[in-house]
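Shared between the two complexes below is subunit A, which has subunit B as its partner in the first and subunit C in the second.
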Partner chain A sequence: MTTTLEHKAPVIKHEGGGLARHQNFLTAMIGGIAGAFIAWAIAHHLLDQNVRTTSDAVAVLTGCGWIVGFWFGIGALNAPFAWLVGKDQTRKDQLYYAGEDQGTKRYWKYCTDHKVVGVQYIVMTMVLLGAGGILAMAIRTELIVPGNHFVNQQVYNGFIAVHGMLMILALIVAVAGPWGNFVVPIMCGAKDMAFPRLNALSLWTLVAAAGLLLTTLAVGSLTMGWVVLAPITDQAGVGMDFFALAILVFTVSTTVAGVNTICTVFTMRTKGMTLERLPIMVWGAIIAAALGLYAFPYFSLVEALQILDRTFSTSFFVGTGGGTGWLQANLFWLMGHPEVYVILIPAVAALFEISAVMARKPVFSYRTAIAGMVGLAGLSILVWAHHMFTTGWAPTLGGPFMVTTELISIPTGLFFLVLIGTLWRGNIWMKLPTVWMFGFIANFIIAGITGIYLSDIPIDNQLHGTMFVTAHFHYVFVGSVLFGAIAALAFWYPKVTGRFLDEKLGRIAFWLAFIGVQVTFMSMFVSGLRGMPRRYSSYSFIFEHTNFITTIGAYMIMAGMLVLGGAVIYCWNHGEPSGSNPWHANSLEWLVSTPPPLENFDVLPVITEDPYNFGKELVRS
Partner chain B sequence: MTSSNENKKSLKSFYVLWAILTVFGVVVSLYAPGYLMPKSMSSSMHLSILTMVVFSVSAAPVAAGVYAATLYIMRNWAHKGDGVPAAAPAIRESAKTVVTWTLTSVILTVFLLIWGLGALAVDNSGASSNPLVVNVTGQQWVWSFQYAGPNGTKVESNDLYLPEGREVVFHITSLDVTHGFWLPQMGVQVDANEGTFTEIHTTPNKLGTFDVRCTQFCGLNHAFMVTQGHVLTPSAFTTWLNAQPARS
Partner chain C sequence: MSIDTHSHHDAHADGGHHEPPEVVDGRQRMSIWLFIGGDALTLAALVFTYLYLRGVNTSGHWMSMLGYPGPQLPGGHSWAFYDANVFNGSNPAAPTTIVTGPLSSGLNWLGTVVTAISAGLIWSAERALRVAKNKSAFTMLAALGTIVAFVAILISFHQLSLIPQIYSIHNDSAVMAFTAYGSSMMIIIGAAIVHLMLLVFLGLGLTLRSARGAINVENWYQSRLVRMFWVWVAISAVATSALTTTINTIH
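Right, the complex of A and B next:
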């Protein structure tokens, strides 16, 4: 097997096209900063400085200037503008925007090739996780001993908000971003996504939103957790405006991406690719995208109303003006619970895929797998008020919401059935993806069971708002989703780079992270059971030992992630060559060359069976 | 290549492992909640701990089954050697397994639901005819408690005093942002919201001191929004109440 690595391809200079041919991340930053400055200058001079809400209005407008400037700078508006003035893009233009013959430069551009977007999502996910991880280390360092003042309390509170939101954004895109873009279209036998330009838009909008979110750290003055419950947000400064705007813009990105994924799967499948011959990963991608399309509008709405409250003195969430914080909480959790499954489902679907390939067996009960994901998505929109059991809002609804919430254990149980059923009696190839998959199974059962406790009101009355809850959802997000995302990364990394992610470094990272997760979050469960509330910047001496252990465990996870991050960067150019189909799998992404050519297929394949017949390997040239 | 390897193994070691892990899980479930959680001082807290125990015991065989299956799979079916593993038997469906699995999880879920709804009903019932009403006010970052004192006066305190064996109803509000009113030893909590009252009730059944903590993020000194509670004998409580300066 030979490997052609893309960065060795000759770089051909394109003639013509003017300024638009030179747009990249750098011009986007310049555009964004310029846009922000112009918007700030105008707002600052035109708005009445004596009105209380002016500083918030200026901040929101500055943020909008940043976004629009960024879009201009990256070239997101070129094609719509050209269309508007009657100049449709030529085929040559389209190939240019798809990054033809531009080598690694295209990774810094508004590139419409879904594989480039996939790689950009890998980088974005790692950047977001890295930034969120650094904040996590700062938080745990502050909590290593009682009464520590490693960072001041105000800064610490800001860290909690930004850590939470960065990690949520990172995990929303962690599997669906890289692999929903890189492999899902190829799995369907498509030449690209249904709307390639929207695909680039979703990625660069995420970058712009992330930039806005990170500035909140510099501006400071965030005084609340990531759920930004009113009315405490009233006391937050302009950091809160950037925070809300960043989320609003982020939901634009996910909506665009979700529509694109669904349209691609329903309209771009190749001949013979019936819905039941789709790799299970594709099902996960569209179910999660559909759930996102339901959930994220609430997110947009809650932030938009928040911004209106802050800038126009409306009072949607302000009690003294006739609004209520409970409205905000309802809207937030109408988004917030489905969002957990927007995050989880792609990771689970990737693991179904990995378990089948690695055990050399078909996915066990393919239709049950789909039913489990659909069931989970469907139930998840009916459970939001379990986050509000102790708010005092509608106590009589406690019982019904307890019922819907506990029913979730049934589709979740089906995930275990499918995973274990697929592995059962397999010939399991114990490679890096498999190892992380086993880690997922071990952690996910703990995440699930501790969730059942919290769904029960007599228990929730005791444990709500404590470190027990924090530990529970970290078992979901770190122990389960992150492990699943890393399994997916290890699995498809060879398709992206033509090289394996180093097995040895990957296993060192695994053991550090796996043991780290148990140490960190088991001790955090104990802190919660013993009575330590969440979001504490300091604590009494009775929580001393468990917090010390939690911090040590957190450092272990960070060490594991650093090893893994190092391996990802190092192996990109220096890993062991993998060939185009290292796992001897049958789904289409493995049957094209590595890296896949622009537009993936010269001739679209015709499909006659699903990809799980490992007995007879399909060989295609 | 087709596989001649049917990969069937004796299940005995799986069942043994499952049994051992289940026993371990049940023992931990029986003792850990009572050992780790704050000492119970009310019937609500008692119910909370008991429900933890019941749920943990029910979950123990499930978790043990998943761990036993995973370990059994790794032990028996991990491919040894360097080459690509041969294809394994193409088991696509097993109606029996899917139905058994689903039914089991439905039964377990329904059991937990019945228990949970029952416990909730017990928790919500038993409003006595003569409860002690305490008004709780949260503000950044202190709690204060108002009682009806002797002869229609009002009594205010920053420590929470409760009589043993009498139901207490808390009417809770906030003067600024949302706070979370939590009594860790009583197993009850609810948010304190500006402009509206929320309500919880409990019956202290043990003398001694307990904690009052804030569970809703409320700004700079959220971690320090704590105070002490004291459960007194009814006569000591009356003595305390009468000794307080009255407010208008």
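Right, the complex of A and C next:
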């Protein structure tokens, strides 16, 4: 029996909320700016201006003031201080925080409803990708011809660093943020996330961190790339302090979100929702969350050490005091490679989900899919030193790390096996999510194969630091993860808005982006193979033609993203109505009304079968 | 997905979100274990940092600049290291090498023992509420545990002030710096202070909430969550003290 549970929520008039009634994004911005100014004034007044590190200390304290002020302004600190003084929230307060009867205002507030948080993540991801994309266009415009002076070299360095970090942050949350929040709790049969306030905290902490990161562009002097290489960080200006603090704060956001996701899945599943009946997307969300919990402590520590080196004259990464850049490289890449799979796994899991629904077949070898994700997560923590093959660190470990890196191709191969197996002989419905999924498959093959080349020490010795590496990881992040994230957006967009994402505009965006990716990064591979180094704002004339082609391709990708972004905005209110279950899917998020009501279910369902038992009687609209 | 629409409990019949305390307790305990797991990984990274820096400094720079006056720099300038105790901002007569020792083991362990005592008090407070159903004892023990944790913070700040530091002269300007040992101790003690401040916040909350009746014998589980994290902080203090008092010598 397949049933749609329609919402009949009672209208409750309430007066709860207290201070939160006056708090929103605007007060958060005011609070953040005021906090930053107060912290700056105090630090500037108290600290000795003749000490070398004072400007860095002032910058760090100013950044802390921004974060605390932002938290206060948005309302994140209300509940902890109410708890401290023994004043717990009432039911009316909880409903106010959940955004009941507040219409679109709730999207600007510290709202605890997981669906609102999911939508806020969609917007946040688009903003971050948009900002990172603009920087990418500036970088490519600088490189369109050799010796171009579109931006000066210092600004160019800053663009490289901020573009990289913005895109990494955006892609970490691109699938896990919107859909880990919007659909995963409903898929489990839960009324909300396990800790709704922490859920809002993770979102708004990300917003605060992103604000800090964007500020670094204005402050400038970012010489160190997104990997925050030591000891070159010592040469960076105070923008580096904001940069490191932003990452540190971001790790708080992801840790809180990861704990919340895992607790939700393991403690709030509805009756009958056994682990083997969990939609595969849910598995992807918890595996990525667990991997993030492992990886991000290193990220926070390495940034904390950077801040200490710059503000307290410690010597973690400073050679004259006994520190070493290798420590920074180790700590960073202990996080850095697992982070790739924190990004990738949710996108792949979403595609497993999409492939099953669009091919009207169960996920091929469900357990293999889980094993692939677990295997990838497990192996990813054993490969970090392949990023350091050419640094001279522990050469005797090169062989073992080469082997562990190449082993990663096995669970990655399982991904292809599951995807192709699910689609094989399926009655494939070529709608927009399916189109972007096929784009992912094509691009991910190239990303994976070039990754195997780079894991090989002799080849890496030749290609490390060249544009070949840049092209490889852009095939991973743009060609694969971004395509997967867009497929997920197209798939669940009707559940969020009640409307389809426009098929025609979506396909125009797809072809622009797909062809753009091949033009951009294939030519970048050629530049890399010819020896063009990364991160340079000027280059030899022998790389002129390939760089010109790369830039044209990048403009195509941007054009595709503009079309897609326009479609997302336009269709929100003007798209073709989709109904509650446009894909005739069986998982719980499609069986509730659209948009899902507050607390999702009037009556919690009891699950009796898995979500992929597609019957032949289902008729497509 | 096939489903039945039977409710498996009717706790939401009033439109409320009233889950049984044991359900909420289980969920929150899981979250605490996960946070502790993340914190344990941070501790592991700290230990890695400490051991790595000690391991690579086989010829000085770990704890002092003994015998290493610094490299010659272009233009006739040079680095030289001066004892922080004799350098007073004026032009010193001659560079001296610095000999510093490790921080006091006794003080290190004193801070750890005080942290452990505070954990024991919170544990006792939780048992007083959960087993003995004695709310006034809970309030008193929680307050005492919080005060003791605050004492641990003061000890840690005192330790911070004792970390050996050096001044170096770089192009005729004085630069204060910490060696690898001093740097490692700073992050370890700093992390301990952050944790202890969190404990003081939580302990203060338990005390005030109990005094205002927000914690009672029925909802004792909140105190268990705080106790779990408190005990973990004590365990991590023991671990870092054991590390930094046994592996700290100059090569």
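We take it that the second predicted complex is superposed on the first by the 596 of 621 C-alpha atoms of A that agree within 3 Å, B and C clash if a C-alpha of one lies under 4 Å from a C-alpha of the other, contacts with A are read in each partner's own complex, and residues count from 1 in each chain.
Criterion: a contact is a pair of C-beta atoms (placed from the backbone, for glycine too) under 8 Å apart; a residue touches a chain by one contact, two chains touch by 3 or more.
Predicted, not measured: the structure shown is a model, and the values here were computed from it.
Overlay done on subunit A, so just call it for subunit B and subunit C: clash or fit.
fit
Looking at the overlay, does A:I457 come into contact with subunit B only (first), subunit C only (second), both, or neither?
first
Which holds for A:W66: it touches subunit B only (first), subunit C only (second), both, or neither?
neither
Going by the contact rule set out at the top, does A:F510 touch subunit B (first), subunit C (second), both, or neither?
Neither subunit B nor subunit C is touched by A:F510.
Between subunit B (first) and subunit C (second), which, if any, makes contact with A:T320: first, second, both or neither?
Both subunit B and subunit C are touched by A:T320.
So, does A:Y110 touch the first partner subunit B, the second partner subunit C, both, or neither?
The answer is neither, since A:Y110 touches no partner chain.
Between the centres of subunit B and subunit C, viewed from subunit A's Cα centre, what angle do you get? Round it to the nearest 10 degrees, please.
After fitting both complexes on chain A, the angle is 100 degrees.
In the superposed arrangement, which partner chain does A:N613 touch: subunit B (first), subunit C (second), both, or neither?
Touch status of A:N613: both partners.
May I ask you to decide whether A:W283 touches subunit B, subunit C, both, or neither, giving the answer as first, second, both or neither?
So A:W283 meets neither subunit B nor subunit C here.
On the overlay, how many Å separate the closest CA atoms of subunit B and subunit C?
Minimum over all C-alpha pairs: 9 Å.
On subunit A, what residues does subunit B touch that subunit C touches as well?
Dual-contact residues (subunit A): 320, 324, 326, 613.
Would you tell me which residues of subunit A are touching subunit B in their complex?
Spelled out, the residues of subunit A in touch with subunit B are 153-154, 157, 160, 223-225, 229, 231-232, 234-235, 319-320, 324-326, 359-362, 364-366, 368, 390-392, 398-399, 402-403, 406-407, 409-410, 413-414, 416-417, 420-421, 423-430, 438, 441-442, 445-446, 449, 452-453, 455-459, 461-462, 464-466, 526, 529-531, 533-540, 584, 612-617.
Going by the contact rule set out above, which residues of subunit A touch subunit C in the complex?
Residues in contact with subunit C: 1-3, 5, 10, 12, 51-52, 83-88, 91, 94, 191, 194-195, 255, 258-260, 262-263, 266-268, 270-272, 277, 293-294, 296-298, 300-301, 304-305, 308-309, 312-316, 318, 320-324, 326-327, 330-331, 334, 586-588, 591, 599, 602-611, 613.
Write out the stretch or stretches of subunit C touching subunit A in their complex.
Spelled out, the residues of subunit C in touch with subunit A are 1-9, 12, 15-17, 23, 26-27, 30-31, 34-35, 37-39, 41-42, 45-46, 48-49, 52-53, 56-57, 60-62, 70-71, 79, 168, 173, 175-184, 186-187, 190, 201, 204-205, 208-209, 211-215.
Can you name the residues of subunit B that touch subunit A in the complex?
Residues of subunit B touching subunit A: 1-3, 5-9, 33, 36-38, 44-45, 47-48, 51-52, 55, 59, 62-63, 66-67, 69-70, 73-74, 77-79, 84-94, 97-98, 101-102, 105-106, 108-109, 112-113, 116-117, 119-120, 123, 172, 176-178, 180, 182, 184, 187-191, 193-196, 198-199, 211, 213-224, 226.
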